[in-house]
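Every chain is named by a letter (A, B and C) in the order it is written, and numbering of its residues begins at 1.
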Amino acid sequence: MTTFDTALVGASSQPPHFQQFSNLVRYGVAGLMAVIGALALIFDFPFAQLGVFQPMMYALGLVVVCLVIDVPFRKLNYQLGMIGVYLFGAAAAWVAWYSGGNWLSQDAADFIWKVTALFSFLFTIAAGVWNAPFKNFAAKTAAIPMMYIVLFAFIGCSLWTVLYSTSDARIYPLYTYVGLKQYYRLFGAEIWHIAVKNVLIYIALSTTGAMVAGFLLAVFMDQKIRLEGLFRTIYLYPFALSFIVTGHVWAWIFSPEYGLEKSVRQLGWTTFSFDWIANNDMAIYCVIIAGLWQGTGLVMALMLAGLRGIDEEVWKAARVDGIPKWRTYISIVIPMMRPVLITTLVFVAAGAFRVYDIVVALTDGGPGISTTVPSQYVYKYLFSGNIGQGLAAATTMLVVSAVILIPWVYVEFVKGKQIR
Amino acid sequence: MSSPSTNIEPTGPRPHPWLEWDRVVVYAFLTLTALYFLAPLYIVIITSFKDLDHIRDGNIFWPQTAYPDGVHFYDPWRRAWWEVCTGLECHGISPNFWNSVKVTVPSVIVSVAVALTTGYALSNWPFKMSEAFFTVLIVGSFVPYQVMLYPMVLLTKNMGIYSTLTAVIFVHTVFGLPFLTLLFRNYFASLPVELFKAARVDGAGFWRILIQIFVPMSLPILTVAVILQVTGIWNDFLFGVVFAGLPNYPMTVKLNNIFTSSFGVKEYNVEMAATILTGAVPLLIYFLSGRYFVRGIAAGAVKG
Amino acid sequence: MGLKKLAAGLALTASLFAMSAAKAADIEVTHWWTSGGEAAAVAEFANAVNKSGDKWVDGAIAGSGDVARPIIISRILGGNPMGATQLNPGHDADELIKAGLLTDLSDLAKKEDWAHILRPASQLASCTVDGKVYCVPVNLHSAQWMWTNRKVFADAGIEPPKNWNDLVKAAPALKAKGIQPLAMAQGWPVGLLVGDLIVAIAGGDNFVKVYKDRDLAVANGAEFGKVFQAVADARNMVDQKAVTKQWNEAVGLVISGKAAANVMGDWAGGEFQVAKMTPGKDYDCLPGLGVTPVLNTGGDVFYFPVVKDPGLKAAQLKMASTLVTKEVQVAFNLKKGSLPMRADVDLAAANDCMKKGLEILDHSKAVFPNDVQMLDRDSINQINDLMTNFFSKPEITPADAQKQFADIIKAAPKM
């Protein structure tokens, strides 16, 4: 599809090395300004000190820098277009600033001018990187929300989290560098050790449990049974529920006072005991049981789809060779389903890694602190008096997931066949 | 690339006759597991129709059949929907039902629209760095939300929308984007490329091709995306708590509030009724659209 | 239509809005008073505010302070604050005040002479930062109370306990009868129990020495060693299966006679009152766990975030003033089970528990600050986590817990 991208609108007539140099300058300045813009948008930095001159400096700087650096090297129509964009950005910034507090709220006005300014910056980057921002203008415009989200929500917010995890911020996010102090405390805290242990148990058992049970169910479902739709509906319905709902439902069943234990004893088995939910060492398994109840159906559906994707010829060949059914599954079908298995595994494990709601609803970390999970730790500290500590825990989660995910995403999505 | 064909219908010869022993094993296994999956729903439903005395003395497996004078089987449901209190506010969970609607409808529309356009742009109008953006997006979808939670609070604060409906919609759009984009991108990539080329030759631009050709063709995947988002957003708890603000608390948050606040006696039956009410909408959607639902998660996950 | 005309019209509409806003305002109030007794009490505030012409919009957050505080603080930080909010007197709001997010009430405080009508001075001092008043204290709560159900003891043929040690002695007999000696809720109530045991066993002076002066010798010393041993005893009295999630459920177990006693602040009195029980007849309340009659000066205060709307601003000041009027103070505190901030009110209607409290309050030697007033919230959270863990795991020894406790005290930032 790249044929549509090849023609350059504003190809320069300058000698190549000069153009390379000017490109370098352009990238550099644009990148720098984008960083400043991002900082300004998220943290009011460093322009908050400038007061009323803030948007003015911004707009002015924008126009001057962009005009000087970018436009002289381009063709006329391109130049006019770029000037237009910059003037538009500057004008919008001014308007928004002047109107601030009048017909727009100050916050909204602030936001508009910052976004407009940033839009112009992005445009400058676009000019630098793509050499032709007007080519396929609509397509690039359409991708802008995505770029904003990627740049600010995913990259920007993650970087902020990493940065502030080295700070002493408590209730108000002020940056005072304290090095790795928060990490020393984090890794020394017993509750964090408990949380990590819990999430490891949860990931290990809920992924293997869901994979094994889901695969078994899928195999049985694949035996050309009647009422397949009904069974599938029954296995999968918990997946439609909120974790909060699942948590409360199972809390009721696990409750020794009202739930299973009492009822079975009432039926006559008076020594029956099932009080895991009130037991420090067992409560996490209650969370796993509830999680499996909710998640196994999904794995079953994915596995079934995978099984159905296997060619009937494979089965015929296996039958001809006299291989028993169970062996066909283990030594032929499972290897063939490797991609599905891996994808499912990653999905289930990633979900298990950020387990939060179900714990809040089912045990709220109890009894004691025995079922605390990392996400809960993060939430707890972020909003109650030690932001730095919460962010250190969040960064740890980020690093762990990045180390595991990036290679997988790269192989699966970027190098793999999914991207053309 | 073939279309996202998650062939769910059984193929091959007709089912065997009944009463072969391996059939019996298969059905016994399936029925037993089905009972395990159904049991919690059954217990919650019958509990929600009991009175408190019966809950204390009775058995969780058996429904209550007789009620004392003045007690109705629907009392807990009435209380859950209209009456149960948090603090001074005693309107039950019904206002939060409407809050959930107010959060879900715009969030679904915005997030699906943005993802549809992005997926289309990425699959048919790739540009320099688009793959890089896409990679970050995919990685982003697996990173725990807590990592981005606090800066998102600051971001929405600086946008002047923190603890409003707009903030929740924004956050749902952000965190819904990766998976939905993936869904649409893969779907559009599977459509025959000649279609797109022909439209280009005819002089149609980006938006025209999108609206006149791709949107109508994407109806199946659109349904899937909408179902996924409706259930996902309806079931969300974390963003509701952090970004919605008290007056906009969705149903899940209120449900948790009902469980954590009690006036003297804990009304388990009311709690269970509220639980079912909260789960009712996604369940209903699931039962009505089961096939699309299954196809959607299958298409999304199996295809990557 | 000319542009000028349009502008004039717009200006007129805007001024109309402004005028109507100044008359009466909806004032959203966040708090975590969601138990029966608490809701009855906060209704008194709501009525008073509604009567004053503004409208109380209730923003109750269920759970506890630990759930509500993050929501309240992030809401204020997020730039879309509520009109007023409950918090505890202490250091929770320090940084919000520094950031200029909370309204300075100094003028009002001066005008109404809060410094003289409100007592004890420690409460207003907690609201005062750099000489300016930022919150209005509405009540005094003390955490050092043990609540016992008389009927349970009568039925078991045991003399109702006069103090903690009696309860420990009676525990085996109660257990034999199938009654939990001590009802317990998970989370911060465990921290509260430990705090109470510190005061009862190690003494209020030592409590202040450790929490305020960070005296590590005391924290590691023998007196505190006894405290942790007592916590271990308490651990054995509690049926771990019946540990509740909320404090008022644990109180409910005492009310219904399933448990014999509970250690909880005086706000538990509100629950007994809702259950129509009489102190001295149906239940006993023992300040300082009956060991030493002491109280700390916890309580509740209201902060008013800085808002733009002038109408709401006026309503905030009006509300602050309303909360400390005599009638409102009496009505609210009688239901809440707490002590009023004003000494000049008629408390004839108070029950015996409140009277006991008032008596101790008059002997100010027995009154000392709350943990929140001496330590930062982060350290308190850590202590609560430690105590909750210690309490639910018999394998943790008192000596271990004491050492970890001293470490937290050591690392706590100076206030």
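Just so we're on the same page, a contact is a pair of C-beta atoms (placed from the backbone, for glycine too) under 8 Å apart; a residue touches a chain by one contact, two chains touch by 3 or more.
All values derive from a computational prediction rather than experimental measurement.
*Asks:* Quick one: which chains contact subunit A and subunit C both?
*Replies:* Touching subunit A as well as subunit C, we find B.
*Asks:* By number of C-beta pairs in contact, which chain pair leads?
*Replies:* The largest set of C-beta contacts joins the chains A-B.
*Asks:* Using CA atom averages as chain centres, what separation in Å is found between subunit B and subunit C?
*Replies:* A distance of 39 Å separates the two centres.
*Asks:* Please tell me the distance, in whole Å, between the geometric centres of subunit A and subunit B computed from their C-alpha atoms.
*Replies:* It comes to 17 Å between the two C-alpha centres.
*Asks:* Listing for subunit B: what residues touch at least two other chains?
*Replies:* 160, 256
*Asks:* At which residue positions does subunit C touch at least two other chains?
*Replies:* Answer for subunit C, listing residues that touch two or more other chains: 71, 74, 77, 79, 245.
*Asks:* Could you tell me which residues belong to subunit A and also touch two or more other chains?
*Replies:* Subunit A, residues with two or more chain partners: 107, 379, 382.
*Asks:* Which of the residues in subunit C come into contact with subunit B in the complex?
*Replies:* Touching subunit B: residues 28, 30-31, 33-36, 39, 42-43, 46, 56, 58-64, 67, 71, 74-75, 77-80, 82, 245-246, 248-249, 252, 255, 271, 274-275 of subunit C.
*Asks:* Could you list, by residue number, the parts of subunit A that touch subunit B in their complex?
*Replies:* 1-2, 4-5, 41-44, 105-108, 110-111, 114, 129-130, 136, 138-140, 142-143, 145-147, 149-150, 152-158, 160-161, 164, 173, 217, 220-226, 228-229, 231-245, 248-250, 252-253, 258-260, 262-263, 266-267, 293, 297-298, 301-302, 304-306, 308-309, 312, 340, 343-344, 346-347, 350, 353-354, 356-357, 360-361, 374-375, 378-379, 382, 387, 390-391, 394-395, 397-398, 401-402, 405-406, 409-410, 412-414, 416-420
*Asks:* Would you pull the subunit B residues touching subunit C in the complex into a rising list?
*Replies:* Those in contact with subunit C are residues 85-89, 153, 156-157, 160-164, 241-242, 245-247, 256-258, 260-266.
*Asks:* Residue numbers of subunit A touching subunit C in their complex, please.
*Replies:* So the residues of subunit A in touch with subunit C come to 107, 170-172, 185, 189-191, 194, 256-257, 275, 278-280, 364, 366-370, 379-386, 389.
*Asks:* Which residues of subunit C touch subunit A once you look at their complex with the stated criterion?
*Replies:* Contact set of subunit C toward subunit A: 66, 69-71, 73-74, 77, 79, 92, 94-96, 98-99, 186-187, 240-243, 245, 376-378, 381-382, 385-386, 388-389, 391-393, 404, 411.
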